[in-house]
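The two complexes that follow have chain A in common; it is paired with chain B in the first and with chain C in the second.
Coming up: the complex of A and B.
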């Protein structure tokens, strides 16, 4: 995807980043930036130019806490912008292996965190049914979830490369 | 109050079933009409699936909401992540006809259709609304005099423009619910800071996630509390399982017990810690259980 493609995709999603004055309130408020190389202000700057942003690992260090978005004096939807750039990155094939794996868990089981034997025992100890009233209990419900995921081509998007 | 269905998500039923049990016991005690939501899936998680593919995120979220629509019940969530996903998806689908049309195109394949006829609630904002802290205070069987480090978590209050729950910097509604149980909500630095788990950081970059958690835990330790209380099973998992990981990786041991609000409320409603699954956490703290035994045997 070229640079103008990224800025027009952001615009289409209702995300205005051109008004950023690079004050750095976002970076100063970022709990991740204290411990990682995530520099939110720089991401917003890159989002304006679209330069080398899709491969930027820092995109994945955001915990989506929304503090930057709350405090932005220009009301830029910063966290939503990061999420949208992530979407563009994933559709260009950039996805962390762990995220591919968690996507495949949802494809297989309908849950990002499926049940295990240890928790089934904990449920019994609490006098609960071992299998919860979720997609885990109803095979037809799981089939519906898988149909939806295939309809959205999520299986293709998250397949191993 | 509208009738409700309980959306479990993934971590509550599949990792911390005590939270599910405590929630059902508390709702029952308060005579709140809430049934199961059979066949519900992952919400799907807002920070990751939403960022992978919006159409997928909306389709799965819409399916969960539609199951509740078919029962003419509002959706009750007990997790900030599930709340964030479902309330935002519901809002977007109700307000954007094109998104609704596209989502219903996918839902048609499983014989479902999103109407936009129900609301998505989080148990904390729901309880604050009705019955409210004052009524809860009257309903409890015994006060639980614990010093609590309250963790609001991010997606309960933010983005605040979408939530309408007041200040995201200094909210008080959850503190009032804590104090309704007889506990003290102790102030501490960085109280509103993230636990470090969200956005796929815990799943893909665990070491970084734990550094953020370690910062938060060091602040909580300084406040000399008996336990942490949250309203999000993913934050719960991060605080509980994360303490084990921090001990292994960083050699720092905190041993701070972690409770979901419904477990604290369950204690105040007269249930024993074991009935609420408080003993099923990874972190066990002998002094805390001795304290609970004294409180609950009085």
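Coming up: the complex of A and C.
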């Protein structure tokens, strides 16, 4: 990924970062940044200068709560920008192991958090069916989901490296 | 018709790069030409004398001067012609220096040919000219000033001191405006009232000022020189002629306490009150919303000034000019819910702080926590609340808040050096005289400057907690403070909408009133005879507002002092026989200067700026700019295409402000470009009727260039934008007819972009060579 890759991807997605004035409203508003090393202001700065940040682990610390985006006085789509850069990172093979695992779970079961015996028990106690009305219950639908994911190469993107 | 033509050599500036002799011979054979001469320096006294002599000797009734740009010497030659008894508008300047000899230094023959064509076009135009007289009309010399803040006060005083009669209208019961509510003012730390009050008193006492307080504009009709104004005097329920302003007696018996509307009830006043102790006029007023009508004041007032039967009163008068000094309103901080204004008690606005700091204010100068009234020791200023914020629709900087916060932070430190005061900023803007020094002085007092816009203010156990990133060290901080001061921005005053529409003023996207030109005409508006000053045209400091007040009053005086004003020579003439009253012109005029009455268009030609947008829209040709008629322009097109000697040939319509000036600049910088263009100067690209373009192509031009200002710089609001729309439609039509639409091009060039002009022409010529001669696409 060359430097302009991020810029052109953001441009294509209609995301303007050039007008950022580095005021820090996003960082001050970021619930994740209080506990992690995520600094949204620096990510926008890097996106603006074209610095290659695809390997930056902080990209994955955003919970996409969108508070930054809601408060930005220059109306910069900060969370959307982070998501767009993440997409690029994944295409370049950068992804945290935990996210890979979750993605693989989606591929296997159609759920990021598949049902387990504990949950089944709880559901029964609440007088619900043990298995919910999702792909868990309909194996054919799961196959459809898998076909969809494979057709957009989700399986290859998220495979172990 | 007797036409005289003079081909100026400009030393070797023209004669060095084209064959002036052969141009002169060529010109002699043009229709109605009786004199054609070479002249070394036409602009010199000798040259002018020769022209004047010829006008007399040969009974010349129109002259063509082929020389430098008309932007330089048109006035010189018009005056010379007038001195010789010729109508000054019977002169045509042909630009063969900036737009010919200087830009085609390597193409002697082609430059010579171009000069001949340009002169033929000049002769064609001059043959279609008619003598014009600039009409003058008498004007009323009085001036209306709307708004009694510091700007309006300054306007009124300047005008009145110069002997102009002024009507000053103020909506509040006292003049003084926002400045009267401030404590001290930067960068001098003058007590605001101490410097303002003398001016207020001067207004009240001035024999030339009629003061209308507690009054609003009901209606303004008319135009420059004769505005008919009607003003509503709201009832004070206090007889102005009887009230002595003593206030003690009436106020002390009044049982009603009213919270002050500006400081959120930090201070209270009675239902009968003086808005401030230095109020001008010094007359009490009864707040009709809160008064319960107990009439105790009536019994208490010794001069018997209370009058509950007072009614609204309408006053009418006429003026020649209007100055709009209507100021601003404060941003409502509750629109930023993350800062907790209104729900967290220890969050206040900068205006409330001004009241607190005032020694005679509600806290007698103490800075306290509204939550419990204890002194505030840790104070945080949050900057840019409602400014530089697209989420609330205010992308602009309010300009005064940085300095005001620095001032107030410094004042707090002066009174209590132990106080911990921080200013949370995005950028500190201290760009005025002595401002940076003021900033440094307050830094030395220990005011903390933290770079980072505060993200939120939360209430924790009754305390205000601010959360921000200190962006210079990338630390995220939660901090409990005693007092949060929101530095609220300035917004356009919404109460003036009717005034703006009555006066046909225009607004910028930020909704402040738009001056005629943001740089060169800062206090003029798009309506002749109406000026704008102070914060009505955007946030400004007091000193700038005062300067603008002085400027606007000088402009108004300059306009009216002779007692008469002249119409614009380009103003639109309606040819009534042709007009069918379709109303298209009315719709198209950006200024609302045209109305259809009894089936005919009527132009307010005293205020018409002559852009020609309507003329280009009229399907009947019934509207004609007096000095740029369809016939004159069509004659130029015809002359340029009657004997085509260059391929490709481009006819260029250049707006006189930006593009024409850019073409001149290319000349003075000696940037060469192909000789293929023949330029016709128009007031605005909005003047270019699509039929001109079609006529040029029909007669054999290979391309047409329409060049104007950048849309934002257009001297006629949206002339360039509308021209663009017209050209787009025309291109579509051309395409439908099988004519290559790329033959028509509309561009924007700023006056400073000579290089761009040259490269645009070069590119266009290349493109036209590629496309081929006109008509080739139809074969």
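One rule holds for everything that comes next: the second predicted complex is superposed on the first by the 161 of 161 C-alpha atoms of A that agree within 3 Å, B and C clash if a C-alpha of one lies under 4 Å from a C-alpha of the other, contacts with A are read in each partner's own complex, and residues count from 1 in each chain.
Everything below uses one rule, namely that a residue touches a chain if its C-beta (ideal position, glycine included) is under 8 Å from a C-beta of that chain, and two chains touch if they have at least 3 such contacts.
Owing to the predicted nature of the structure, the values given are computational and were not obtained by experimental measurement.
Answer with clash or fit: chain B and chain C placed together on chain A by superposition.
After superposition on chain A, chain B vs chain C: fit, no clash.
State whether A:42 touches chain B only (first), chain C only (second), both chains, or neither.
Only chain C; A:42 stays clear of chain B.
Touch test for A:141: chain B only (first), chain C only (second), both, or neither?
The first partner, chain B, only.
Touch check for A:106: first (chain B), second (chain C), both, or neither?
first
After the superposition on chain A, what is the angle at the C-alpha centre of chain A formed with the C-alpha centres of chain B and chain C, rounded to the nearest 10 degrees?
90
Should A:33 be classified as contacting the first partner (chain B), the second (chain C), both, or neither?
Once the two structures are laid over each other on A, A:33 reaches chain C alone.
In the overlaid three-chain picture, which partner chain does A:161 touch, first (chain B) or second (chain C), both, or neither?
In the superposed model, A:161 contacts neither chain B nor chain C.
For A:22, decide between first (touching chain B), second (touching chain C), both and neither.
Once the two structures are laid over each other on A, A:22 reaches chain C alone.
Touching A:79 in the superposition: chain B (first), chain C (second), both, neither?
A:79: touches chain B, not chain C.
Residues of chain A touched by chain B versus by chain C: which partner has the larger set?
B
Please work out whether A:61 is in contact with chain B alone, chain C alone, both, or neither, and reply first, second, both or neither.
In the superposed model, A:61 contacts chain B only, not chain C.
After the superposition, what is the least C-alpha distance between chain B and chain C in whole angstrom?
For chain B and chain C in the superposition, the minimum C-alpha gap reads 5 Å.
If you lay the two complexes on top of each other, which residues of chain A touch chain B in one and chain C in the other?
Correct list for chain A: 34.
Which residues of chain B touch chain A once you look at their complex with the stated criterion?
Residues of chain B touching chain A: 8, 10-11, 13-15, 17-18, 20-21, 36-42, 44-56, 59-60, 63, 106-107, 109-110, 112, 154-155, 158-160, 168-169, 193-194, 196-201, 203-205, 208-209, 211-212, 215, 275, 277, 280.
Quick one: which bits of chain A touch chain B in the complex? Just the residue numbers, please.
31-32, 34-36, 60-67, 69-70, 77, 79-80, 82-84, 86-87, 90-91, 95-99, 102-103, 106, 110-116, 119, 122-123, 125-126, 128, 132-138, 140-142, 144-145, 147-149, 151-152, 154, 157-158
Which part of chain C faces chain A closely enough to touch in the complex?
Result: residues 338, 384, 388-391, 426-427, 451-456, 467-471, 474, 476 of chain C touch chain A.
What does chain A use to touch chain C in their complex?
These residues of chain A touch chain C: 21-30, 33-34, 39, 41-42, 71-75.
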